[in-house]
Amino acid sequence: MSALLEVRDLKVRYGGNLALSVGALSLGHGEIIGVVGGNGAGKSTLVNAVAGWSRGAPRVEGSVQLGGRDISALPTHRRVREGLLLVPEGKLIFGTMTVEENLAEGIDDPGEGRKPYSVEEIYALFPRLAERRGHLGSQLSGGERQMLGIGRALRLAPRALLLDEPSIGLAPKLVRTVLQSVSDLRAHGLSVLLVEQNVKAAIEVVDRVLLLERGQVVLEGTAAEMRNNPRIAEAYLGAQRA
Amino acid sequence: MATVFGTIAVLALAVAGFFVPAAFGGGGAVYSACVLIAIFAVMAYGLDLIVSDLGEVSLGHPVFFASGAYATALLSTEAGLSPVLTFVASLAVAMALALLVGFITLRLREFVFSLVTYAVTVVALTLAENWSALGGSDGIAGIPLFTVDAGIASFRAVTDRDLWPVAYGLLLATLWLVSAFRRSRLGNAALKVHLNPRLATMSGIDPQKTRLMVFLVSAPMTAAAGWLYAYQRAYISADLLSPYFLILMLTAVVIIGRRLLLAPLMGVALILVQEKFFSFGGDVDRIILGCALIVSLAFLPGGIAGTARALAARIRRSDDPARTNAKNEGAT
Amino acid sequence: MNLGQQILNGLVLGHSYALIAIGWTVLLGVARLVNFAHGQMYMMGAFVAWMVMAKVGLPYPLALVTSVLAGVLIGFVMQEVMLGLTLRQDLVSIMIVTLGFGYVLHGVAAIAFGSTGQILDTPFSTINVYWNDIWFTGQDLFIIAVTVAFFIALQLVLAKSRLGRLARMVAEDPKLAILAGVDVRRVYFGVFAFQGAAVALAGAIVGPRTPILTSMGFEEVIITFFVVVLGGIGSVLGSYLAGLSLGLFTAFFGALVSPAYTTPAAFLVLIAVLVLRPGGLAAKPGGA
């Protein structure tokens, strides 16, 4: 089976500094890959570069293929329309708009094999959002914002979902809820690239793990292989200390 | 050695500049154009300090230009003051206005700063048009000839040819002042405030004070141009505050390139030569000038000089095979 | 002083100001852009309407449509030229470029329409209404009606429609809007076209109140600036109220003190506002 998302020779530079260099990365259909590593390892840089997005102005080289089609030359909003959805770290929802308005932008005719979630389906997935549908984005808690960010992406019929630190700043119980919903999405055929500092929680839901250090992939393997790998444990502890 | 040669070269250039009108035939029209180029260049240098060094766009500089011209016109016609005294008065009035505008805009940045300074110009325009003390919409006519009596010798400028030494002298003095400013502590501080305000503050520079000081250097420069312009025209009106002078200054400052000593002078020369010798009528000239401003900012970042440099660099690099295919789509 | 007359004058002026300014309010609120050619676009709107009626002989409604189309066209051309600057958010350069555009428009208009003043007569401007000791024209009523309708429609579009939602998304966070699949460039183009259309419409509707000249536009930018700042940048309702206040202020200041000095007086008020709450300017619409 060919991979859904294929990344080749991805290099990201800020100014003159090489911040990320990934030779090859492929995400299969219905697969969840966890990207782990310490602070500044390049995890966010990786998913941002794949999406062709950044709040800064990096120089990005390399090719990104989605479903066998090279999308490297497409502007970010077109990649989104092709089904490559990034839920960024930090500010990920519109604070001046209500939950309902945040979810309003859908995609009508996404093409073969893609299905946009309806607003009701998203409320079913995250009942908490349904209760808060009239609230402004800025009034939501951290966990609710993550749910809304993911919900906003689901409305656009993603084929691959790039999630950047969905558990950051959340209480342990919420972390499990959010990650569990990510796992549920896979059951519906979605592929996910999941950036997580919380290695211990992430490893429970992912199929494969990618360890990044200083902008390079230093370790790669199935979740089962990696669970007891000392370097992963180290990364986990590092994240705990950070 | 190099500095000695440099000084000699600069002096030679300064002397040669004096004979530019003569080199172009020395006709009356040539002298008039050269005098105007010198005056408007001095006017533009005042703005250049704000745009190139301080990094803000003042749209209030026509007010300083007009203040010099009005002070000169009023004091020479009503009080009979000599050019030396009207010069001093022009600078004083401009500095007082600069303090006022500087204080109002002390904490404003970017487009709000520009808008408020623009409003200052519009307000000054309505005042000049309506206030009878400033001549109202008729303006002030009958400004006497530029005459300096120094006991034994006296100087009297009847034509633009006579006025040329004064204009050229003013231009040289301005050029010296601008280059001295850029080498001074204040010029340095202005640039730091422009490029990295936070760092500037940390290295002990007070950004607001710096801004005010730069204003106090810049405004008299532009006012000095107004001073000479009043004598050259012998008549002034609220037209001094019309968009023409503002657009002229701005275009002159950006068209060649920022922070190049001779750039505003070359810019003014380019515009005036077109208007005086290759004119297509006022309205077409207006379109040309406006388009020059648009094109230099929208398509030639760094002005003509910057574009020329970039082109030269590209030609040099074109045989370099190791060009990378940098991509950064979508990251808008 | 005829109090009723001044209130009426103030209301008409105020609605005129609000209508002139509304394009800028949206432009600044959504795209963070300023346009110094605003005043010349107003002038263009008035002259295009004048030409369509006086030279071509078409009726006023068609003249309004033509003016709006001309405004859209100018907006498109400007945005096309400035796209690079817009995407880089190089506000300072954009500002100067638009100043240049205003200057070019002035030259173009002088060539196309001549430099003499013209009277833009509409079917409404010749209707005079006398009511007790108050006098107004049909055009005055038309200005108020159009402005009120325009503001209500705009408020509805911004709050309820997809278009308005996209505009608000871009206003709050253009980068995040991209991730929602929004083509931010198209929104910028749309906003510029809207600004052109709105101010050209204002020209064709407010223009008939005074003789029109191709050299107009200098003051309209300043009025717009006052309205936008006093109303709170990007606020539609705020602009309406600010326009109204400025109109009443102008009418009463003109009647009580001097009509020649209303701009300087209004400027003093603006400076007071800027000094008293400089933060009010920094407050961005939609900023979380």
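Letters are used for the chains, namely A, B and C, taken in the order the chains are written, and counting of residues starts over at 1 for each.
In this section, contacts are C-beta pairs under 8 Å (C-beta built on N, C-alpha and C of every residue); 3 or more make two chains touch, one makes a residue touch a chain.
All values reported here derive from a predicted model rather than from experimental measurement.
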| item | value |
| --- | --- |
| Two chains joined by the most C-beta pairs in contact, as defined above | B-C |
| Per-chain Cα centre nearest the global Cα centre, belonging to chain | C |
| Farthest-lying chain, centroid of Cα atoms versus that of chain C | A |
| Intercentroid distance (Cα basis), chain B paired with chain A, Å | 54 |
| Separation of mean Cα positions, chain C and chain A [Å, integer] | 43 |
| Gap in Å, rounded to a whole number, between the CA centres of chain C and chain B | 32 |
| Residues of chain C whose C-beta touches two or more other chains | 175, 178, 184 |
| Contacts with two or more other chains, residues of chain A listed in rising order | 53, 75-77 |
| Chain B, residues touching no fewer than two other chains | 330, 332 |
| Partner chain C, residues of chain A touching it in the complex | 51, 53, 55, 75-77, 80-81, 85-88, 91-97, 101, 104-105, 107, 137-138, 152, 156 |
| Footprint of chain A on chain C - complex, ascending | 162, 165-166, 168-169, 172-173, 175-176, 178-184, 285-288 |
| Of chain C, residues touching chain B in the complex | 34, 36, 81-82, 84-85, 87, 91-93, 95-97, 99-104, 106-108, 110-111, 174-175, 178, 184-185, 218-219, 221-222, 225, 229, 260-261, 263-264, 267, 270-271, 274-275, 278, 281 |
| Chain B residues touching chain C - in the complex, by the definition given at the top | 55-57, 59, 104, 107-108, 110-112, 114-116, 118-120, 122-123, 125-127, 129-130, 243, 246-247, 250-251, 254, 282-287, 289-294, 297-298, 330, 332 |
